[in-house]
Every structure is written in structure tokens, then in C-alpha cells.
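In the two assemblies presented below, subunit A is common to both, partnered first by subunit B and then by subunit C.
== the complex of A and B ==
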């Protein structure tokens, strides 16, 4: 195709009725504080990993909820599990356990 | 040949016990790596064996450590172990002297009073009779305490005693029945033949007054033998396996058998050495402050032994080391917990290739703040102020954000991924050629010291500040404020650093005494080692710890860990500060600067 310097974005519509929410449900079941996340991004603002790369826990949790799990494994691999996010989270999300449950859930569901 | 049919349950039981214990011990030894087996062989034939024997006597028989923790409980354990041991020892001497031969079957000494009726003709006969009765009384008194402990555990000063499963109760009852039956059998024999000592004789005479002693005493000998036999057979499958295993554990320790991070044979021996004494249960704050009462080491260890570890139990622990500090057997419960986490969590997922591969500037002293210190900027600022005004040259290793030290991953059981982080940090530290690494976070400090093999001086900032004061690089002015100090788990119990923080603090203010400090200090609740019901338990614990620290109405609470500060500050009405902050404020040069600034301001305002 001729490169015009711009391109048409891929379709980003998500049908929430048919997305695969297995991972989201697995995490919610084993760490129910995941339900209280409001996506404020405080975790990402303080994140040790985010100092060095574009790792973004707020975005990741959104992807998981939407069932867009293709990149989750590569993303979660970057987390150092340092725990800063957990102390910063204003909603009391047990983020370290969420992260551990995501890792565990990936084995079973993806 | 002396024989009676009732000796069979005892003899069979003893035989089976012997076979099973030998089998188990040889299993442990066979599973050891070759190097450790050689150490074991060498140890047995060296002077170290005397140390082993001494410790076995002090701990397995006299239970010195339990005495130190809880005298009544110590007496209970001692009376069973030492009393019974002496009964066996003296009984054997007595019977062998009497028979004039070494070649008795084991049962002869045990049922000696059945086989021999006439008064003894051996030397010190009266002494022997007295000693035998004395130790029987000792064991029975222990039994009485054990019984009351089961009914009301506060008798021995415990809020809770270990919850038992039916088989444990069965094994326990068989043990408990041994001694009353022995008392009855021996007293009745004494009543029939007018022998016995200060206990058995009067009791025998009393029974003789109204009971048909002949058939009854025979029944008692049967009952005594059956109780012994049942106890022996159930021993290897019950918690009483701790009796032979503790000897193996003591030997392993003295012979220098290696410990690894995994669940190895050393840990397996530890698991079988747990007597489920329950001392750890009351020490656990998850129990006393958060009403979680299924995860304590006594139960956790039992679940390993029964091979039905539950992930929720394995993960629900602060790894605060309180139970370990008080375990009379000296089981390393923290390592045990982490080894079990590795079974569940040691998946290799992480990829840290994004980390910068800096070529660091060479320096003598490296300062590593750590993730948690970055999250508590007041500590970081204070440390930088101290370092800058002391005039030493240093480099701030993680100024642009920390590469995590790896311990948080390790505490979750993920050692494989932790090693990747550790390697990155290690490369930076190595190539900086520093001789001293200073950290503000005890969590980082611990992993730097224990797992990095850095071969340089790794110190906590409280230690570094203390040495700077000693060298005259900084001097402090005492503010007179009353300070209550909180020992962080990783710094105190984890690394044994208790004095340096106190020495520094007592130069910035007046340090108050506290009933739970040093080894028995409380965990702030914020431990990142616990991921289960984290917020729920954490808040309950932090709240009570703050109440405890505030009891003497201090002006402030001081600690030496950013995570402790974060946990405590949430519930404290008074100031919670890291030692570095207090030092930074009380530095004399700092004070001078501050007053100069003030004067300058005054002058300016007057001029204006």
C-alpha cells in the first residue's frame, strides 16, 4: 500500500458481551479488592517499573476487565512486585496480590 | 526366664517403633547431598558429638528454652521427658544390678516390679526404690498440668493451646494413660508383697484394704503394657515423632548441614521436630490482633507434614519472625514459610530487559534509598541532608528511581524472578567499586546482606549515622522529646540491629522503655510478605501497635523503616518519624543554619 503518512486505525470496538472475561473473573474471585479499583492511576504514577518503561498498571487492569488479554503476559512480566502501588492506592486495592493472581490466572486461562 | 503374656503389647510396640524411626532417619540421611552426608559422618566421630549430647540433654530432656519462655510449661515438658527418661534409666540399672547380667530383654526392666517380689538385695536398694517413686511423682505432676492445660490453657499462661485432631488426641491419651496405669500396677504389687517406696507402698496398702489385688494388679500390668504399646506405635505418626527427630535436628545443626532456600531435608527434619507446643500461637499477631487463627506455625508445619498445604495458609503470614524467635526447638519458621511459597509461586515470568545498563560512576560509598524510601520522601530528604552536610563523598545509587532489591519477589516465593533483579543491582554495585553500601530500608538491607554475596560493608542508615557521630562528622543536639521506638522486624529480628538505632535516638531525645521491644517487638502489620486479606489484617494490627507504642505518652514514635512509618502513621495521633528525620533536624550545623537564616530574615524585615 502507498504510504500516505497516515493510516486507518484498526477497529477498536469491544463487545463486552462476548469478550473473554475469564482472567478478570479469576482475579476478582481470588482478590476481591480488584473490584474497588477506580482506574485513578495513582499506582502508575508511583510505580517503580514505570520509571524505566511504559508499564502501566492502570491500563493493564482496564485491558483485563475488557478481556483484551493478548499483551497481559508481556506487560505483567515487567512488574518488580515492589509494592509501592499498594501503599499508594487510595482504594485499598491489594495490587500485589492482584498481580500475583494475574500471573497465576494466565497459566490457567490464556 | 521371666515371661508373662502381657509383655507382648509393649515389646511389639517397641520393636515397631524402633524399625519405623530407623527407617525415617535413614531416609533423611540418604536424601542429603553427598557433601552433607560426609559432614554428618565426620561430625559423629568428632568432638562435636559432645556438643550434640549436651544440647540434647538441655533441650530434649530438661527443656531449658521452654523454661525460659514459660516456666510452668517448661516444667510440664521437663517432667514428662526427664522424669520418664530417669525412670527408664534407673529402672534399667536397678533390674540389671538385680539380675547380675546385661542381657535382659527390654521388657524386664519395665515390668520389674511384676517379676521381683521380695525386697531388693542390691546395693542402695532403698535409694533405688525412692528414686523410682520420686520420678514417677514428677511425671504424674506433669500429667496433671497437661490435663489442666487442656481444660483451661491459661493455667500455663497460654491464651490458646494447639487445636488437636482425633488421632492426636488418641496418641496423647495413650501417653497420658501410661503413668496412672504404671502407678496402679506398681502400687498394687507393693500392696501385695509389702514392697514399694514412699508413694507406691502407702497406696498399695490402702488398696489392699478393700480390693482383690491379685487379679486386679494383673489387669493393671496388661493395661500398662497396652498403653505403652499403643503409644509406641502411634508415635511415628503423631506429633510425638518430635522426640527422636529433635535429636537429629540438633545433630544436623552442630555438624553444619547446609540449609537451602528450597524445602530440603533440613527443613523436613524441622517439620518433624515441631512438638506442637503451641508457644508460637500466642506470639502471632495475626492471631492476637486480627483473629486469624489457622495459619500459625504449629498448624502450618502440621499441614506440611500431612502434605496438605493450603495456599491461603502458606501465603497468610507476615513473615515477621516473632514465632521463630520464641520457638523452643529453634525451627526457622520464616525460611520454612518461604520455601513453601516457592512451591506455589516460583513461576518464571518476569522480564527485566528494559532496565538501564548504566555504567556507574566510581565511588567509595553508595547510598541506596529503595522503593519504599522513595515513597516516603521525608526520609530520603533527611538522609541526603545528613550525607551532604557531613561532607563525605558518596553516590546516590537510585536517584532516578529504584530497581527493586528483589526481596519483595522473594517474599512472595518467586526466587527465580527475584534473582534477575538482584543480578542487575549487583552489577551496578560491583562496578561502582564502593566499599560501603548504605540503605534506608531494612528490607533491602536484608537481601543485600544475605543473598547478594557482595563482600562489601552493607549497613543500615542508623548504623552509618552512628559511625558518623562517632567519627565526629556530625553532632546532634538533644531536643529532650520523649521517644517511643518501634523495632522493624527485618532490622531487629531479621538482622539483629537493635542497639545502633537506640544509641542514635538517645542523642536526639529521651528514649522511653517499652514492654515489647527488641526480640519481642511487634510487627507494624504492613509487611509486604503478607498478601492475604492484606488491608483488613494490616489495619487491625497497625492500630494496636500504635496504641502499644503510645501507652507511655511519648511525644513521638520513631522507627527505622519507611514501611513501618507508613503503617504506623495512619493511626497515630502523635508524630511518627524515621530516625534519619530526627537526626537531620537535630544536627548542630543544621540548627546553626536555621538560626542564621532566621536572623537574616529579621534584619531584612527591620530594614524594610
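== the complex of A and C ==
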């Protein structure tokens, strides 16, 4: 057969019909402020880790909410738990507890 | 004899409601604590969304109170007595005024930006507020930074003192997004070479024509809109101001040095609003503004019978909103004075 160079690509869309909400639900259950994030990015702007790596706490929370959890474990390990983000957040998200609950949720294999 | 209304606060709301009540035939006294009328409007050079001069609206309002309203300036209210269904308002200089109804129009103050210490206002010279920028426009001088430079880069920060639990103000101040767009356009018209960056969380262009003004800012003036909220500002050696945000649409932290940083300060209840409220026992809502009896159906009605509200003392409002609210309040006061039961339908449905 002639090879036209076409490949079947994996579907990259977030599929909200089958999304895995287990981790998001776990974090939400143990830290209610998790859902009040408005994605303003103040946490990431002030975060020393975000300055030097591509760790991004705002985006990580969003990915968890969308069920995109494949890289969460490696990502969350980069956080130093310094708490600067918590001082800056205009929505009063308890970011440090969110981070702790993400870690706990991962341990519990949710 | 005509029934008496005393209106407290001679800003837009107080002026326009007084004009309407006087035209309806009531005996209206307007008490203003400053030596002139107009409130904040006196400080704004051009107005969104039309770019009309603030002075023109001021002249329009003045015409309404010039002849039929008894205007008392420098009025320092010390006491408000209630005698059955009537009121008596006392001033420090001994004068007192009787009223069958009171209308409170004591307005707002701009947020004190020194409370947001990490933004550097009052610490770094080149950080100013939107109200101070408006003052520069008003004075008609060339735009230079407080340290004496013609700015090449200007940053505009939205939501300063609004939508921020850390300062205790969770509400949106409603006018600052479009004020930012307006001021950015004005700066660009005065300094065509300047680069302007607006940093926002959400752009709230809800008003008729606001979106068009936003588009004009992009299309005609190449103003940059970056979705991200300032975490902190710091001063560089050359007194420019370094700002840090996350460019949330790019998904990366971003830094930028600007010659001038303009903070879009939000609304807080004015000192006068707090004082009069405490003096009279008026109810405040969770955000510290006066609480209206029902958010849909009794927007100008207070918890005290015969006392009404208009304008930004109940919530942040644009001038359009304020004028509309003032006329609504005039109607409400008149209805009350004509013995129309203001509460009956609300009670039937919602209480």
C-alpha cells in the first residue's frame, strides 16, 4: 500500500462526558475552598517554583477539575509548600491545604 | 402646605432626586457637607462611555437644583431626631430642618490603596490611583510620571480593593473595568507612542457601548489586555515599577517594568454613609453599603419608615445607574408622601 504519511492521532480533547472526577471530588470534599478558584493566576505569579520550572498551581488545579490527572503526581512534588500563594489569593483559597489534599488523594489512589 | 423632604448628600444622586422632587411640588432641602455640589463627578474630566466632559453633566444637574431646591452647603449634620412620622435634622451651627421624608444620598469613597501594601502605593513614587490620573487629565498638563518622566510604558491594574477577600471587599465595583479602558484610550491619545498594558481577571463590559469601547481600545489604540492579576509590585533602581502577574492565557508567569502604574481603585461606602447610618440606625448590608429592603422590589427603601436611599450609598454605580436610581428614589419618596403603601406587594410575595 502506498504510504501517504498519514497517522491516526490520539484524541486530545478534554472529554467531559467520561472525565475522571475522583481526585477533584476528594480535594473538594476535604477542602471546600478548592472550588472557589477563579483562575486569576496570582498564586502562580507569586510562586518561586513557577518562576524556575513549568509548575503552575493555577493550571494544575484546573487540570484536576477537568480530570486530567496523568501528570499531577510529578507536578505537585515540585511545590515547596511555602504558602506564598495563600497570602496572595483574592478568593481566600486555602492553597496549602488544597496541595496537601491533592497529595493525600493521590496516595489514596482516588 | 407642601410636604418637606430633606436630601442628605449633594452628589449626582442627591442633585437629580432633589430636582425631580422639587418639580413635583415638594419643599426640598439638599444638605451637602462640602462647599460645592457634585460629589465625585467634579473630579472626572471625561466620562465613559461617551467621552463627554464631566462638567457638562454637572451643569445639567445644577440647572435642576438652581431655582427650586433649598441648597445648604458646608452642612455638618450632628443629629437626626424622629418625632412620630416626621424628622428633624440638626446641623452643628444650630440650624435645623424638618422633614416628612428623608432621602440619603451620601455616596462612596474610593478604596484606600495603601491597604494593598504589596502594590506599592504610597511606597513607590510612580504608583498612582485612577482618581489621581483623572486629576492629571483635569489639570490639562502634559502627562508626566511623579518622578518627572514622560512615560513610555504604563501598567493599569484592575480590581484594586474589589473582588479581594484579603482586603475584605468581595464585590465587584462595576465601573473600574470600563474606566480602565477609557483612561487607557485617553493616555494613548495624549501620548501616541506610549505602550499600555491592562491587567484584569475578567473584563466586565456589561454596559451598552462598553464592549465597543473595549474593541476601539484594541483596534485603534493597540492597548494590550493581559488576563492576570498583580501579585506584587517592586521598584527598580531607576524608579520604574516592576510588576509580576501570571499571563493566565499563555500559562506562564510574566514580569514587566513600567514607568507608571495606575491602580483602578474600587468603591467603598463613604465616611458620610457610615456616619449617617450609625447616627440613624440604618441597616448595612454584608458589603458595608446601605441595605435596601428588597433587592428587586424595594431598591430605594430603608429599614426606617420614611427614610430612603439613592445612588452609590447602596452599591457601586455608574453615572447612568445613579441618575436612574435618583429618579426612581424621587418617585418612591413621592409615593410614600402620597400615602401609597410601598411594602404591600413585596410583603404579599416575599415576606
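Everything below uses one rule, namely that the second predicted complex is superposed on the first by the 99 of 110 C-alpha atoms of A that agree within 3 Å, B and C clash if a C-alpha of one lies under 4 Å from a C-alpha of the other, contacts with A are read in each partner's own complex, and residues count from 1 in each chain.
Quick note on the criterion: a contact is a pair of C-beta atoms (placed from the backbone, for glycine too) under 8 Å apart; a residue touches a chain by one contact, two chains touch by 3 or more.
In this text the structure is predicted, and so the values were computed from the model without any measurement.
**Student:** Subunit A superposed: clash or fit between subunit B and subunit C?
**Tutor:** Here subunit B and subunit C can both sit on subunit A without a clash.
**Student:** Which holds for A:90: it touches subunit B only (first), subunit C only (second), both, or neither?
**Tutor:** second
**Student:** Report for A:82: first if it touches subunit B alone, second if subunit C alone, otherwise both or neither.
**Tutor:** After superposition on chain A, A:82 lies in contact with subunit B alone.
**Student:** Which partner, subunit B or subunit C, touches the larger number of subunit A residues?
**Tutor:** B
**Student:** Once the shared chain is lined up, is A:41 touching subunit B (first), subunit C (second), both, or neither of them?
**Tutor:** second
**Student:** Applying the document's definition of touch, where does A:58 land relative to subunit B and subunit C: first, second, both, or neither?
**Tutor:** The answer is second: A:58 touches subunit C but not subunit B.
**Student:** For A:22 in the superposed arrangement: first (subunit B), second (subunit C), both or neither?
**Tutor:** neither
**Student:** With the two complexes overlaid on chain A, what is the closest approach of subunit B to subunit C, counting only CA atoms, in Å?
**Tutor:** 6
**Student:** Where on subunit A do subunit B and subunit C both make contact?
**Tutor:** 46, 51, 87-88, 92
**Student:** Going by the contact rule set out above, which residues of subunit A touch subunit B in the complex?
**Tutor:** The contact residues of subunit A facing subunit B are 33, 46, 48-49, 51-53, 55, 73-74, 76-84, 86-88, 92, 94, 96-97, 100, 103-104, 106-107.
**Student:** Using the touch definition up top, name the residues of subunit A that touch subunit C in the complex.
**Tutor:** 38-47, 50-51, 56, 58-59, 87-92
**Student:** For the complex, give me every residue of subunit B touching subunit A.
**Tutor:** Touching subunit A from subunit B are residues 345, 347, 349-352, 354-356, 371-372, 374-375, 400-404, 408-409, 412, 414, 417, 421, 526, 528, 531-532, 534-535, 563, 566.
**Student:** Going by the contact rule at the top, pick out the subunit C residues touching subunit A in the complex.
**Tutor:** Spelled out, the residues of subunit C in touch with subunit A are 118, 159, 163-166, 201-202, 227-232, 244-248, 251-254.
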